[in-house]
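Consider the two complexes below, in which chain A is the common component and chain B and chain C are the respective partners.
Up next, the complex of A and B:
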C-alpha cells in the first residue's frame, strides 16, 4: 500500500515524521487528490479502517482530514488539509462504504463538508440540534449547552400496497442500550431497515481533549463498559507508542490475561442471549452462571468485576500472586468442563439449528465491501485478527488460533465465539504458565507537543483503533476512537434483508454491537 | 433432551450456593425486599430499565440480577418491556442530550405512584463524562430521583440494596 502511494504521488506525498509507531506511516497528500488515492487502495484489496477530522488551528493550520487503510498486517494513514474558509474535501463514500457514516459524522461534528457525498443528513447530531454547532472544533465551548430547534429526520421511505413501517426505540424492550430502528415490511418480510444512532452520544472525543493523559485511560475504559479492558489497553498502547514507553514484560502478559478474560465473559453472555432469543432460555441461564463465576473471580483477584481501570499508561495497576495463578488455572479447568457440556447440548438441538442457520446472513462479499471487523468478519469468511496480524507481546509467542467460517449467519457468529472461548482458555493457561517475573509499571511521561500515535487491539468484538494527537502545549489535541461497532453497525442493515421481523432480535443479538462505542 | 434434563438436575439450584459472605448479604437484603414488595406492590415489583446515556457497564450488572445466582424474581422483581406497566424506573447513565426527550417521555408514561432509582456514578453527577454540551449530568437534573446507587458500575448486590432503600426512605410518589 505504501509503495502504491509513493509511486502514484511521488514528491506530492510527504511523510509525516511526527507519527508513531514507525510501522504505521502517515503521508500528507494534496486535497484534490484525496479520492484518487482510494483507487490503488481498493485495487490492492485494502479496507477502510477509519476516517476522521482534526481541528489543527492551534498549530496555525486548518482542518486535518485523515483516512486509515489496512491490508493484512499493514496499516497506512493518509492526511490532507482543508482551510478554515473552505472546509471541504472530496468524499470517499463512493469508493469505500464505511466512509458513508464517518463522513456524515465529520460533517456533523467538525463541520467539514465531504463533496460528492450522497447523503447530507446529520449523523450523531440529531435533528433538534442547531445546524451550526460543531462540537469538535476548538472554537466550540464544550461546557456550553446547545439550544434545541425544531427539526425532522428524513427517513428512507418505502411505498406500495401492504407496505407498513415499524419504529423501534430508542428505549428498547430489553435491558439494552438505546437506538432507533425503522423497518419497512410487507407481511412478515423486512424490506428495509434503517438505523438511527447517536442517542448515547456523551461527547467522549471532546472530553478527552480536556483530560490529562493518564485520566484518558479511565475515560477510554468507559467508552463501552463491556469492553473496558480492550479500550483502555488500546488508548494506553497509543500514548505509549508516542513516548516510546515500554511497559515491563509482566505487565504485558497481565494485560493479555485480562483481555482474554474479558473476551470469554462477553462471549459466554452473548451465546446465552442468542439462544434465549430463539426461545431456548435454558442456555442463557446456564451460561450466565458461568459468566457470573468469572466476574466474581475478577472481583476477587483484580478488585473489579470488569477489571476497569486496571490497564494504565506504563503498565497495569494490579498484580496477581502465585496462589491467584493456581485459582485461575483451576477455574479454567472447571470452565472447560462446564462449557463443553453446553456446547454438546447446543450442537444437538435441532430447533436451534432451525432458527440460527441461514438467519441474518452477511455474505463474504458484503463483509469485504463493508470492511467489517472482528467475529462478524470472521463468521463471513474474512481472515482478520489483530492479535495475529499485528501482535504485541505476548501474542507473538502464544499465537491465537483464528476460526473463520463462511456461512455468515447467526450460527456462524455464535460458533466463532464458541471457538474463541476455547482458544482464550488455552491462551490464559499459556499466559499463566509462562508469566514472567518483575515489576508491573514503567514510568510514563506524557508525550511532547505535536506528535501523533496509533494503535489497534483486538477486543472481543473486534479491532479497536485509537489515534491520538498531542497539541502545541503537550495536551491532548484530538483522540479518535474507533470501536468495531462504528464499521459493523451497517452490516446489520444488510444482513436483515430477506429475514422476517420476528428474527430481528435474534440477528441483532448475534452482532451485539456497542451503541456507546459507536455514538461516543 | 436427556442431556438437557441431566444438566438441569446436575446444576440444581445455584441460587442457594453463593459464597457465604455474599449469600448472607443478598439473602438479608432479599428478605426485607420481599416484605416491602408484599406491602406496597402486592408481591410483585415491576421495573422498567432506561439507559439514558450509559456506557453499558451498569446494564451488565442489572442483567446479572436476572441470572440464576442473584435470581431477583424470587423476591418478586420483574423487568418489563413497557414503562406503562412499571412501578419503578431504573435509570443509568449521564443523561445524554439525545436521550433527554425519551427519558422524560418514559417517565411520563410510567403510572403513579412510581419510584425512580438512578444507577451508577454517572447517574448521580455525570461521572467521568461530567456536564457538557452532550452529557447533561445526573438523572436528577431531568426527572425526580428517589434513590441514587453509587458505583462504577455498582455490583448486583448494591443494586438490590438500593432498590430496598427506596422503600425504606420513602413511599412511592
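Up next, the complex of A and C:
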C-alpha cells in the first residue's frame, strides 16, 4: 500500500515524521488528489478503517482530513489539509462504503463538507441541533448549552401497494441502548431498513480534549461499558506509542488476561441472549450463570466487575497473587466443563438450528465491501484479527486461533464466538502458566507537542482504533475513537435484506453492536 | 330447592374457571423457572399480577375508539361464557345442553375478531402487524380444531362436549387410532391457539416478534388485567377441552359431594401433568419462524383428517 502511494504521488506525498508508531506511516497528500489515492487502495484489496477530521487551528493550520486504510497487518494513514474559509474535501464514499457515515459525521460535527457525497443529512448530530453548530471545532465551547431548533429528519421512503412502515425505538422494550430503526415492509418481508443513531451522543471525543493524558484512559474505558478493558487498552497503547513508553512485560500479560476475560464474559452473555431471542430461554439463564461467576471473580480479583480503570498508561493498576492465579485456573476448568455441556445442547437442538441458520446472512462480498471487522467479519469469511495480525506481547508468543466461517448467518456469528470462548480459555491458561514476574507499571510521561499516535486492539466486538494527536502545548488536541460498531452498524442494514420482520431482533442480537461506542 | 341446582352448579363452574386459570398459569410459570434453573415467583404470582393491573390507571391512546375500550370487557365476558359450557368437574352442566363444541369455537372466534380489531384500532404499526399474524394463525387453527373435535364426536355421535365425555366415560375403554390422531392434532392446535412456544412467546419483550402481545401492546390498567386474565382462562379452557374430549375419567357424572371432590382432585392432578407436558415442549424448543406456522397447523389439520379417515376405515 505504501509503495502504491509513493509511486502514484511521487514527491507530492510527504511523510509525516511526527506519527507514531513507525510501522504505521502517515502521508500528506494534496487535497484535490484525496479521492485519487483511494483507487490504488481499492485495487490492492485494502479496507477503509476510519475517516476523521481534526481542527488544527491551534497549529495555525486549517482542518485536517484523515483516512486510514488497512490490508492484512499493514496500516496506512493519509492526510490532507482543507483551509478554514473553504472547508471542503473530495468524498471517498463512492470508492469505499464505510466513508458514507464517517463523512456525514465529519460534516455534522466538524463542519467539513465532503464534495460529491450523496447524502447531506446530518449523522449523530440530530435535527434539533442548530445546523451551523459544529461541536468538534475548537471555537465551540462545550461548557455552554445550545438552544434547540425545530427540524425534521428526511427518512428514505418506499411507496407502493401494501408497503407499510414500522418505526421501532429509540426507546426499546428491553434493557438496551437507544436507537431508531425504520422498516419498510410488504407483508412480513423487509424491503428496507434504515437506522438512525446518535441518541447516546455524549461528546466523548470533545471531552478528551479537555482532559490530562492519564485521565484519558478513564474516559476511554467509558466509551462503551461492555468493552471497557479493550478501549482503555487501545488508548493506552496509542499514547504509549507516542512517548515510546514500554510497559513492563508482566503488565502486558495482565492486560491480555483482562482482555480475554472481557471477551469470554461478553461472548457468554450474547450467545445466551441470541438463543433467548429465539425463545430458547434455557440457554440464556444457564449462560448468565457462567457469566455472572466470571464477573464476580473479576470483582474479587480486580475490584470491579468489568475491570474498569484497571488498564492505565504505562501498565496496569492492579496485580494478581499466586493464589489468585490458582483461582482463575480452577475457574477456567469449571467453565470449560459447563460451557461444553451447553454447547452440546445448543448444537443438538434442531428447532434452534432452524431459526439461526440462514437468518441475517452477510455475504463474503458484502462484508468485504462494507469493511466490517471483528467476529462479524470472521463469520463472513474475512481473515481478520488484530491479535494475530498486529500482535503485541504476549500474543506474539501465545498465538490466538482464528476461526473463520463462510455462511455469514446468525449461527456463524454465534459459532465464531463459541470458538473464541474456547480459545480465550486456552489463552488465559497459557498466560497464567507463564506469567512473567516484575513490576506492573512504568513511569508514563505525557507526549511532547505536535505528535500523533495510533493503535489497534482486538476487543470482543472486533478491531478498536484510536488515533491521538497532541496539541502545541502538549495537550490532547484530538482523540479519534473508532469502535467496531462504527463500521459494523451498516452491515446490519444489509444483512436484513431478504429476511422477515420477526427475524430482525435475532439478527440484530447476533451483531450486538454498541450504540454508545458508535455515537460517542 | 331442586330448581336452583342448575344455577348453583353453573356458579361453581364459573368460580372454578376464574380461580383455577391463574393458578394453572402460575404452575406453568413455576415449572418453567425450575426447568431453566431459576427461582420461581411462586404459584400465586398471576393473581398478584392481575390485582396489580386492576390498581393501575388506564392510559388510552388519543385515537382509540369505542372498539378499543369495549374489547377487554367483551373478551373477558365471552371467554368466561365459554368456560360455562365445558365440563370441568361436572358433566351435566345446564349450559352444555344449549351450546356444543362448535359454539365454543365460535366464541373463541369472536374473541379473536375483536382483539384483532382493537389491535388495528389505535393505528400503531405493531397492532396491525399482530392482528394480521393472529388472523393468519386463526384461519388455519380453527378448521383444524373443528376437524379434531369432530373426529372425537364421531365416536360419541354428538357435538356436545358433555355428551362426548359421558360416552367416553361409560363406554368400554379401547385404544382407538382415530383418537390418537385427533389428540396429536389437538395438542398442536392448542399450542397455536393459546400463543405458547414454539408458535408465540408469551414472555417476550421483542415487539417485532410478537403475535398476541403485539395486538394488546397499547392496553394498560384494568383493560390489560381483563385481557391477561382472559388469556389465562383461554389456556385453562383449552386444557379442559382436551381433558373432556380425550381423558374425561374423573369428571363427576352426578352431583354429590364425594363425586365433586373427586372431580376437583382429578382436575388438579390432570392439570399438574399437563403443565409438565407443556413446559417440556416450551423448554425444549425454540420459537419457529413465523412462516413455519402454516406448516405446523397444516400438519395438525392433516392429523385430524387422518384420524377421521382411520375411524371409518378401522373402527
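Convention: the second predicted complex is superposed on the first by the 520 of 520 C-alpha atoms of A that agree within 3 Å, B and C clash if a C-alpha of one lies under 4 Å from a C-alpha of the other, contacts with A are read in each partner's own complex, and residues count from 1 in each chain.
Following the convention adopted for this analysis, contacts are C-beta pairs under 8 Å (C-beta built on N, C-alpha and C of every residue); 3 or more make two chains touch, one makes a residue touch a chain.
Keep in mind that this is a model prediction, so the values were computed, not measured.
Peer 1: Classify the contacts of A:188 with the two partner chains as first (chain B alone), second (chain C alone), both, or neither.
Peer 2: second
Peer 1: Is A:168 touching anything from chain B or chain C once the two structures are fitted on A? First, second, both or neither.
Peer 2: It touches chain C, and chain B stays clear.
Peer 1: Once the shared chain is lined up, is A:285 touching chain B (first), chain C (second), both, or neither of them?
Peer 2: A:285: touches chain B and chain C.
Peer 1: When the two structures are overlaid on chain A, which partner does A:201 contact: first (chain B), second (chain C), both, or neither?
Peer 2: first
Peer 1: For the overlaid complexes, name the partner, chain B or chain C, with more touching residues on chain A.
Peer 2: Answer, by number of touched residues of chain A: B.
Peer 1: For A:355, using the defined touch cut-off, is the partner it touches chain B, chain C, both, or neither? Pick first, second, both or neither.
Peer 2: In the superposition, A:355 contacts chain C only.
Peer 1: Please indicate which partner A:449 is in contact with in the superposed arrangement: first for chain B, second for chain C, both, or neither.
Peer 2: So A:449 meets neither chain B nor chain C here.
Peer 1: With the two structures laid over each other on chain A, which partner does A:225 touch: chain B (first), chain C (second), both, or neither?
Peer 2: first
Peer 1: What part of chain A is shared between its chain B contacts and its chain C contacts?
Peer 2: Residues common to the chain A contacts of chain C and of chain B are 173-174, 282, 285-286, 289, listed in rising order.
Peer 1: Any idea which chain C residues touch chain A in the complex?
Peer 2: 35-38, 125-126, 128-129, 197-198, 201, 203-209, 283-292
Peer 1: What does chain B use to touch chain A in their complex?
Peer 2: 3-4, 7-8, 11, 14, 19, 49-64, 66-70, 79, 81-83, 93-94, 96-99, 102, 106, 127-136, 152-153, 155
Peer 1: Within the complex, which stretch of chain A touches chain B?
Peer 2: Chain A reaches chain B through residues 126, 129, 133, 135, 140, 142-146, 170-171, 173-178, 198-204, 206-207, 218-219, 222-226, 228, 269, 282, 285-286, 288-289, 291-292, 295-296, 299, 305-306, 308, 341-342, 344-345, 348, 514-516, 519.
Peer 1: Show me the residue ranges of chain A that touch chain C in the complex, using the header's touch definition.
Peer 2: 164-168, 173-174, 188, 275, 277-282, 285-286, 289, 349, 351-352, 354-355, 500-506
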